[in-house]
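Each structure below is given as structure tokens.
Consider the two complexes below, in which subunit A is the common component and subunit B and subunit C are the respective partners.
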Partner chain A sequence: MIRKLFDIIAGNAVPAVFIIISAFAIPLSGYSASYLIQELLTRIGRNSFLILSLLIPIMAGMGLNFGMVLGAMAGQIGLLFICDWGIVGIPGMLLACLIGTPIAIVLGIFCGAVMNRAKGREMVTSYILGFFINGVYQMTVLYLMGWIIPITNPALLLSRGYGVRNAVSLLGIRGILDNLIPAIITGTQGAGQFFSVQGGNAFVMIQLPFLEGSIRIPLATLIVIALFCVFIVWFRKTKLGQDMRAIGQNQAVADSAGIPVNRTRIIAIVISTVLACYGQIIYLQNMGTLNTYNSHDQAGMFSIAALLIGGASVSRASIANVFVGVILFHLMFIVAPMAGKNLIGEAQIGEYFRVFVSYGIIAIALVLHAWKRNREREAARRSLRGNKGGE
Partner chain B sequence: MQEVMNEYIVLLTQYLTQWGISPGLAGVILAVVVWLLLYLGRGLGVFRFLMRWYQRLLLLAGLVALGFWLFYIGREHQVFLDNKPMNDYRALEQVNVSINGGESVEIMARERSVKKTVGPEFELKAEIFDEDGEIVDTITRTITPKCSKDIMINLPMLAGGAEDFVLPAPR
Partner chain C sequence: MSDNNNNAPLLRLEHIGKEFYGNRVLSDISFDIRAGEIIGLVGENGAGKSTLLNILFGMPVISSTGGHEGVMFIDGRKVNFTSPNQALAHGIGMVHQEFSLIPGFTATENILLNREVLNGSTMSYVFSDRVSTLDRQAMNERARAAINTLGVNISPYMTVSEMPVGYKQFIEIAREIDRKNTRLLFLDEPTAVLTETEAEILLIALNKLARSGIAIVFISHRLSEVKELCSRVIILRDGRLITDQKAEELTTRQIASLMVGRESERREVPQEIPEAPVEPDNVNYTLSPSPKKKKKKIKPALKVDHLWVDMPGETVRDVSFEVKKGEIFGIGGLAGHGKLGIPNGIMGLYPAGGSVRLSGRKLTLNKPRAALGRKMAFVSEDRRGVGLLLDEPLDWNITFTAMQTQGRFLIGIPYIFQIRNEHAMRKEAKKFIDQLEIRCTGPHQKAGELSGGNQQKVCLAKAFVLRPDVLLICEPTRGIDVGAKTLVLDTLRNYNKENGTTIIITSSELEELRSVCDRVAIVDEGRIAGILPASSPAEEFGMLMMGEKMRVALAATE
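What follows is the complex of A and B.
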């Protein structure tokens, strides 16, 4: 009984800690409900796709795919090309995805092949691989673009004539998906109308009498994310999805059952990398600025942190973990500086606290996972010996 | 060899056009016919192999075509509106120009302005004023920059009825 209770607490310790911290920090920050909801909706739209791309490698037993930064780099290369060619709007976003896809596939195959040579140490391998490919990316963008790869837009190129500038404006696609279906939740009272479609532009307005101000909903982005969730649910039921789950549970058994383990693992990483490519494009269209040499750096770390905060582990993650994680992780982002300022008079203290807690929590989640896995192994060994009551 | 090929393509296009078939439609028909042939011969191993590669090729061709289409419909153009004298055409006193029914821009004699537009073509409306500020003429033209990034429109030439009023954009 105590052990069961301990297991439940250990299984949900990370989200519980964050819920408690948030419960303290929200009133201290002094932000209104509408502001917090607005910020959270924006950040859910911005980050969820990237985090969802981590689920498939976890299903295949490959742990947290730090190699998703490879996909993010592919997406950024697509964006650089559309900026050079001056393609704007939804066609620009789609074209960036189309350009990024083959690059992400090639990088995914490479990453998967390397991971197959480092079975059991996938996370650290993909983390270091991210640094390696980052070097190749930097060389491509800093030296080859404008010299061997044709880039002609002077707004993109460095003054020396080759290499891309550090900051690239994505004005042509800024918020294009978020604002595709304009939707607002407003607190306007008295109309007695809770849902209306205004004019020919499918302008969706939901009225909630208890709400102050108005909240813009990135409806199209949320629809894309919902479709992706449906895809993941469907994918789990396919033959390939079942194979991945079998490999995730036991590679040796899956291999004996005739599942091509290495090939399936590569496919899992390719899917994750391609989806990370799309996720980075969605993220950057929301931001509106591409930091050429740094935007992809934090993509992996932030996504993995959010997923772990949502209660996922290295071997188990669900769609619910993604949304709980993105809400809790970004709630801390929003409220921590202001809570710190109101509590101590220094916003930077709150930010330090957030960084300390957020990344400390990743370490705790990984340690908890390792400890749990060792305990399970120990229990399995004991049950094989027929000794269930301990030593 | 290149000339023979070009001539053959021109003749083939003319022949197809006689039957009301555009080159794009002809390509689709050809793709379907090849697919049918491969499908009918699927009993043979070599046909199954060819079919697999053919399907991959079709997918690739479809994606490349989609890329070109997105490039074509999503390209942003800078349209320089030039009210400077060109050849024998004198600068206009004042022109108000709007693109795709958007906000109009006022361009005085010897001035130049710039507007942005997206897509393969746009509608330009120019209202020409005389010295007294009265509208003397309104010109509406559909202009197709196609894949070129930026273009310049010389308004005196447009007003004068010249055909070559679309010029390369200034560097």
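What follows is the complex of A and C.
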């Protein structure tokens, strides 16, 4: 009984700690509810897709896919091309996805094949593989683009004539998905303000009289994310999903039952990489600028940190973990700098917190995972002995 | 079951044999299995059971080592399996000793693993069947049907990790039954993990299965179960088929003696070596009902009470015994029953509990250092892994433990500055190289370069250097040739005689134990089945190994 209670607490310790921190930090920051909700909605739209792309490899027992940065790079290459060709709006986004997909598939197959040779060490392998592919990506973008790969738009190229600039403006697709279906929640006095700013009509408008200010909802993005969730739910019910669950729990048994283990693992990574590619495109259309050499860097780290904060573990993650994680992780990012400033006059504590927390939480999750596995192994050994004999 | 050819047996083996690298493990095995038959397959470790199964299932280990001799027929047609999938396709199923179930899956999901019932969908035409969703309801029904065939009541929705061990066994069997074409089922020690009631239910279920026409090969070391369940018993020994008889024609005692072989004519063997310095009453220590038995005067060198050890594959459940000072005590039993776990647990190499007293004083468990500090020495069964530093020279290997735990072979001030005394190390190594006739180029040769027998001698030397009071040795002759075997055993015997050291030998080779030891304990399923004087007839030991209880063995001696 006590052990059960302990297990429940231990299982949800991470989200609990974040809820407590937020509960203190929100009033300290002094932000209004509408501001917080606006920020959160934006960030949910921006990040959820990337985080959701992590779920399938976890199901297949491959741990946290640090290799998702490969997909992010593929997405960025797609974006660079549409910027060069000047294709804007939704067609631009779709074209970027179209270009990114084959690159992501190839990278995913490569990543999966490497991971099949490093079974049991998938996470560190994919992490290092991320660095390696980053090198290839930088070489492509910095030397080949504009030289071998035709890039003509001078706004993209470095002044030397080849290589892409560090900051690329994505004005053509900025917010294009977020604002595809204009939606707004307004308080009474906020509505006029909104219309004057946007100068257009909201497709969906909800009025909440008690709300101060107005909140724009990235409705189309949220719909895409919802579709993705439906996909995952469906995927879990398929034979392929069932096979992945089986492999995730015991590769040897799955293999002896005739499930093609290596192939299925590669499929899991390919799906994850392709989805990460789309996720990165959605992320960047929200941001509006592409940091050619850095944008993908932190995509993996922050997504993984958010997922873990949502209560997921290396071997178990659900859709709920994604959203709880996104909300808690970003809530803390929003309020921590202001709370830090109001508390000790130092806004930088928020930035410090961001890095400290993301790396710390990943380290804790890995340690917890190892500890849990040891405990399970011990329990398995004990159960072999039967309940007779001492303990 | 076979409609077209009713006379042909389901499976016929003709002159099956197998050599591994010139080492014959199986020769001239021929027998038939008919539909609905239950056959008991028994044999000691190394009798060739697993090789036979590997051949039947077309395991890659057979084809990669040059195939096998003889031919197999199924329904009168010659077959030659090159992969387990072919055997499955011919309706041969196997339930392994270790569970191959997925813990987080329900009974249904496990029974239908990779044979799930799928909903048809248009997606499956575009991609493959793998994108079709599962038909949970149909799956549960099929699982329930398979479970019902066994006559047990297990919910198909139950998660395997939450099941008692016995249920898991049933799920494994249900999985094989669900395969529509299964006609021949091999069960490898299915009752080993079951409680008595569960085992009974299983036996009833198997009978029911056999009546439906499925032939069953039941591999077990529990002879009473074999006798109860099987219609025929096939006994293997040293790779040969010793007997293939109706079960009712054999008593469990006969089966045991046929299995162990070496009838009573060898009974005298151990008596040729009466040199062990033991008092007469030691010999019949546990079993003897002799009224003359004197009060024990000496404290036992080692007293083990309710020891349990979590050594993977060699679980010790509840073991108690006493070893007299100066005695050579043997621990025998089948592989996987925990005999290796006992010395490993006492030395603290695996998590252990219970109480171990060394000359009356309690020993701290789970700390190898504590055991070594109490003048115990250990020769591991894992010679190359635990026993030796393969890339280091012999003198290092021989003196290493003494240096680490007793601070010998060092010069300088303890705890402050110490260096190795190379000269003393070399001298000590040389002494043992001469004494044990270790074949090497000198104390500087690397341990990894020696042959198995000589490596074992190095391990012994390493233990002897510690000048132990109690010496624990696991599998002293495993993997070494016959000449070296005698030498190792003689060395142990002499060492015991000269120094009065208490020696505990754990070995799979019963004959070896009987020839060296004063008393031999037989371990069965993690417990001591009985302790007999080494001069007892081999079949007594055989009975104990086969899980026949103490009483039976005793009754037989009278």
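Quick notes on this structure:
Here is the rule we use: the second predicted complex is superposed on the first by the 367 of 391 C-alpha atoms of A that agree within 3 Å, B and C clash if a C-alpha of one lies under 4 Å from a C-alpha of the other, contacts with A are read in each partner's own complex, and residues count from 1 in each chain.
Simple rule for what comes next: a contact is a pair of C-beta atoms (placed from the backbone, for glycine too) under 8 Å apart; a residue touches a chain by one contact, two chains touch by 3 or more.
Note that the structure is a prediction, hence the values are computed from the model and not measured.
By the document's definition of touching, of the two partners only subunit B reaches A:Ile87; subunit C does not.
Residue contacts after overlaying the shared chain place A:Ser32 against neither subunit B nor subunit C. Contact comparison for subunit A: of subunit B and subunit C, C touches the greater number of residues. Look at A:Gln348: by the touch rule set out above, it reaches neither subunit B nor subunit C. Contact with subunit C, but none with subunit B, is seen for A:Ala252 once the two complexes are overlaid on the shared chain. The interface of subunit A with subunit B does not overlap its interface with subunit C at any residue.
Partner subunit A is touched in their complex by these residues of subunit B: 63, 66-67, 70-71, 73-77, 118, 149. For subunit C in complex with subunit A, the touching residues are 84-85, 100-105, 109, 113-114, 116, 118, 129-134, 165, 193, 306, 308, 310, 312, 315-318, 351, 353-354, 526. Of all the residues in subunit A, the ones that touch subunit C in their complex are 234, 237-240, 242-243, 245-246, 249-250, 252-254, 256-259, 378, 381-386, 388-391.
Against subunit B, the residues of subunit A that register as touching in their complex are 82, 85-92, 94-95, 98-99, 172.
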